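Two complexes are shown next, each including chain A; its partner changes from chain B in the first to chain C in the second.
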Partner chain A sequence: MTATLRSLLRHETILAILLVLVLAALATQSDRFFTTANLLNQGRLMAEVGLVALVMTFVIVTGGIDLSVGSILGLTAILLGVFWHNLGLPLPVAMVLAIVAAGIGGLINGLIITRFKVPPLIATLATLALYRGLAEGISQARSVRGYPEWFFVLGQGEVLGVPTQLWILGALVVIAAVVLGLTTFGRATYATGANETGARFSGIGVDRTKLLIYTASGLVAGLAGVIFVSRVSTTRSDMGTGLELDVITAVVLGGTSIFGGRGTIIGTVLGLILMQALKNGLALSGVKGDGTIVVIGLVLILAIVASNLFSREGDG
Partner chain B sequence: MMTASSPAVPRTAPAMRPMKRIAAYGQEFILLGAIVALFVVVSFVNPRFLGANNISNIFAGNAYIAVAAIGMSLVIISGHIDVAVGSLIGVLATISGTLAVNGYPIWLAWLVPVLVGIVVNAGVGALIAYLRIPSIVVTLGMLSILKGGLISVTAGAWITNLPADYLIAQFRLFGIPSPVWFMVILTALVAFWMRYSGFGRTIYAIGGNVEAARVAGIQVERSTVIVFAIHGAFAGIAAVLFATQLQVIQSTVPPNLELTVITASVVGGVSILGGTGTVIGSTLAAILFAAIASSLIFLNVSAYWLRSVQGLLILITVLADMARRRRLR
Partner chain C sequence: MLKRTVALALGLSLGVSSAALAATWTGGDDLPTNPLACNGTPGKAEAKPYDGGVPTNAPDRKGKPIKVVDVPKLIGIGYFNATSKGIADAAKELGNVEAKTDGPTQANIDQQISFIDNYITSGVDGILFAANDPVAIAPVLKKALAAGINVVGYDANSQPDARQWFVNQAEFNGIAKALVDNMAKEVGEDASFAIVTSTFTTPNQARWISEMEAYQAKCHPNMKWLETVEAQEDNVLSFNQATTLINKHGDDLKGIFGMTSVATPASAEAVTQAGKCGKISVVGLATPNAMKPYVEKDCVKSVVLWNPVDLGYAALQVLRATADGDLKPGATSVKAGKLGDLQVINGSEILLGAPFTFTKDNIKDFDF
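Take a look at the complex of A and B:
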């Protein structure tokens, strides 16, 4: 156990050093990088991916994956618009209902995976299509605009000089770190991913653990969806397309093993910041969005190659 | 590898057990029945569904999806997945069209995409097999590399002025469009080869139980690379058929194509746990899905619902597959 802990800390130390180097390089490259305005804006931009990545860490630690998060985000955005604009519900009620719907989407993923023993990859690939399809079908490519001014506080406003969604992200980072690191639920999560059969025989509620985690994954994707709508002031059915790539890259970069059983929230946060710094650096040096996703794809593959070689060293 | 959670059900190669053989062919009869039923019902509601143009569109216009699904089926039978196939087809179609309009010999414009497909996917297969990276992660990374790279390079510019003798998908033989010939002949060849060749059995064995295959002396790593290379070749053929369908090539990734190809394979009876399935099923499923997409138009249902139908189809097939496995246990 202590050996595992040490190797985890080592990965995070390497990551932290790498992050400092990248930040230093960016600072020397562009004098616009280390301004408070830029850093806070980057924090705003990474909040949605960050929220989803926190729970994705739990998902991947159990040995699973959730490819449907981007579609759940899009569906939540559309439902928010429908509940508020078409059904005339008060906006706070619409927000809560949309997030609850996202949680149900996650719960359905969890039920397919635990009750029917469908591998998480294929279950969430199917719901990726299903939830995005529902978003497209319900919206019929119509967008909803004209939200009241107070709603934009969530995505565009600030509290004590810091973007609102960064507070939310910060609070959830603390909660996720405590739950994964210090509670019996966290231990059950690791045990499920390290050796599922063993965990079952030890009396751990493997299915219950997974069900809760996939539901939480849907809930945070929904919360991220509401924040997304507030940030860009409109709803569209293609919101969050490809979100799973950013989220999984941040988690894997953060040292969580794709085979389950290993990973920490601190690692995910470091991976997230590193990825956002990379995106920002590329943007500042004039690379367009399409060039950026090429780099993110490369980073994902390289990170996992590195972590595989690294962990084999540790084992051998 | 796709079963990161423990496989609760024992896995066996299909052709060896009569029960499984019936189950596997059952899927093909169900699909055939579904296609016939769909045609009867929709043409009853709207007779124009059976118009020559629409029939040609369903079969010839979607044959490239069936061709790509052949390669995808091999990949899934061997226990892996590829979510980058849509992006790869987009890139290969652009390469093919660029060669054709820049005065290179036509046969090169047809051949190069196939070769590039083989090389790229052999690389993907090598990462998966030798570095033991899950296929979902490698291909998710490849998806964004290929897609982002393509748009960065072409900026989505259309390729126009394609030479007439390059447009192979518009050729006809005995009055039947060439994509249909490609679809039927390739499906038959691969179905025969999967069933009777040693390597076909190897693919089933790897997907069925990789450790048992290793113990039986199968070179799992090399075979995985070959499976991905074959998949790349089929993606190349699909890309040429796709590129030559119209008079222009859009130089972008066809939206949602990877999901449509995976849907065809999975709904065609290729088990997502690996080890079972046939390419006849995947081709039938590709036709069924094309017919569903077309019938939405003729039934006056908004095309925006198509993707939910796709998701539901995958879910229902997968749940039925899991239930069938439990019964056969």
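Take a look at the complex of A and C:
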């Protein structure tokens, strides 16, 4: 196979073709699917998963995983309410503090993983329970409501006709793509995932890279938490339950190898859009919720299998 | 530097959590309570102006066929299967309503919002809902009203201005009285009890618990409240939580209240497996089918509920009456098919009736 053909058959290309096919198919099923209002609205709904998925791509490229993101989101939501309502801090300060706390949550993940050599799966499985427990313990199940009107701009408002959180997501997509694709930090991320020992001997700061990535993962989960609170206008300790599965599905669907060393932001974005389009489009064409989950599972398997077949040929 | 940050974080979280833990917490909400009289005198309904929402530019739907979607808290459990059956029954009887039930497989507010959002886009005429969270669901329901869709809640309310009407299965103080009276009758006036609920913020459960607290303080002042535990309407978790309660409190524990249709049978199963039948009473809200084995073995004596099939039936009848313009703000009652006239209470709620206690004598007459 020629080099051009090989690069054409990359996972992202296959995924993009699949996405176009799916979008076309869904558009024929419901005339309300391909409308600006619906597409922007779907963008609003996928922003939280999207934000977390961007950094999760980095995490998985290093060969790690972060299962605690949903719990961090819930903890941030609760802390936002506690800082603002119970401690009486101004809301902007409470927002910043809550996100900082989420970053510390991520940093703790990173420390456990790098300093104590605990496998990321185990470390974040433990903090998944720990952070959710903290959220429930701190909130004592009281939800905080009655946020001022301006706060809802973040989750329910729009800027220039586009939902506010889509701008944030868009900006972070560009930043993440540049950092992963064009910087030394991005190269260090790939090197860490592809061959950690090799990377260490090449003088790459593997631990520092991981620490930064897990902290960033906490930070975006915190940011997503604040947006989530603004979107639904209340805090609950069970917010974000199961978020990690949606996020990991989007990233893996986007072609990031769960063994590390391989993956792109473009792929993650495509995976994210494909998943949201399926959820929305199938619902609009009358498929019930349980059926939708089945289809998403099938598409995930299909995309991975197809990509594996082509890449084996391509590499060989 | 790193160590200092971590220490700061730990200190911060400990400080916050201990401040929040200082107040004892029973799982109720902070709203005012209105306990009924101990001897069974019915409470009097206070007239309140209509406080529901109004759809924007709703088309004239009088007598026309309409498409309705029902989004319960979750699908696939006995309780919402029963409400769904009631909705289907009413749709069949009315003949001009196409109704379907769809929703998340877990009681998750985020997913429920997405479902409703998608159905608004797909262009339905009416939405029935049972809210996972009264505040969080409000923005999407307001969006439905703004799109001219008729919105009626049942089982679990939202903020009043986010929907038109809410079909109330039983007044909270009525349920609270039935539960506490049954428990007092079974375990005595000075016994200790605990509660297994769904989550502390689920609107119905929090309201019932607050009313139970008020009614118990007023009419059974010597009963002792041990603790309230969360079990998410999850079968396994409810069983584990009930088992933990039994082990933790030992002989002190005389009664368990199950606040959901999942927690009650799971608590009864936990009591059975612990060999404590007759020593620990389970009183709770549940569907009769799930409770039959325990009631027949005399392990559970009273199960309190309304009829969820009637609840679903009434919800769709109310929605149809609203879409037809027969039920307007300010009305005092509404015709609901075979259920007859239902009373309007609290401004924009419709009361289904008094709660019902299933016992060994009558439970076999019900199948849902």
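Simple rule for what comes next: the second predicted complex is superposed on the first by the 275 of 316 C-alpha atoms of A that agree within 3 Å, B and C clash if a C-alpha of one lies under 4 Å from a C-alpha of the other, contacts with A are read in each partner's own complex, and residues count from 1 in each chain.
Just so we're on the same page, contacts are C-beta pairs under 8 Å (C-beta built on N, C-alpha and C of every residue); 3 or more make two chains touch, one makes a residue touch a chain.
Only a predicted model underlies this, so the values are computations on that prediction, with no experimental measurement involved.
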{"item": "Partner chain in contact with A:288 - chain B first, chain C second, else both or neither", "value": "both"}
{"item": "Chain B versus chain C as contact partner of A:137, first or second or both or neither", "value": "both"}
{"item": "Chain B versus chain C as contact partner of A:79, first or second or both or neither", "value": "second"}
{"item": "Partner chain(s) touched by A:64 [first = chain B, second = chain C, both, neither]", "value": "first"}
{"item": "Partner chain(s) touched by A:112 [first = chain B, second = chain C, both, neither]", "value": "first"}
{"item": "Contact residues of chain A, present in both the chain B and the chain C interface", "value": "134, 136-137, 139-141, 237, 242, 288, 290, 293"}
{"item": "Contact footprint of chain A on chain B as seen in their complex", "value": "2-6, 8-9, 81, 83, 127, 131-134, 136-138, 140-145, 147-149, 151-152, 259, 262-263, 266, 272-273, 302, 304-312, 314-315, 318-319, 322-323"}
{"item": "Complex contacts: residues of chain A adjacent to chain B", "value": "62-65, 67, 112-113, 116-123, 125-134, 136-137, 139-141, 196-197, 237, 242, 244-245, 248, 252, 258-260, 288, 290-294, 296-298, 300-301, 304-305, 308-309"}
{"item": "Residues of chain A that touch chain C when the two form their complex", "value": "30, 32, 35, 37-38, 41, 45, 79, 82, 86-87, 101, 104-105, 107-108, 111, 134, 136-143, 145, 156, 228, 231-234, 236-242, 279-280, 283-284, 286, 288-290, 293"}
{"item": "Touching residues on chain C, where the partner in the complex is chain A", "value": "2, 5-6, 9, 12-13, 16-17, 19-21, 23, 25, 27, 30, 75-76, 100, 102-106, 108-111, 113-115, 117-119, 121-123, 133, 135-136, 138-139, 199-201, 230, 232"}
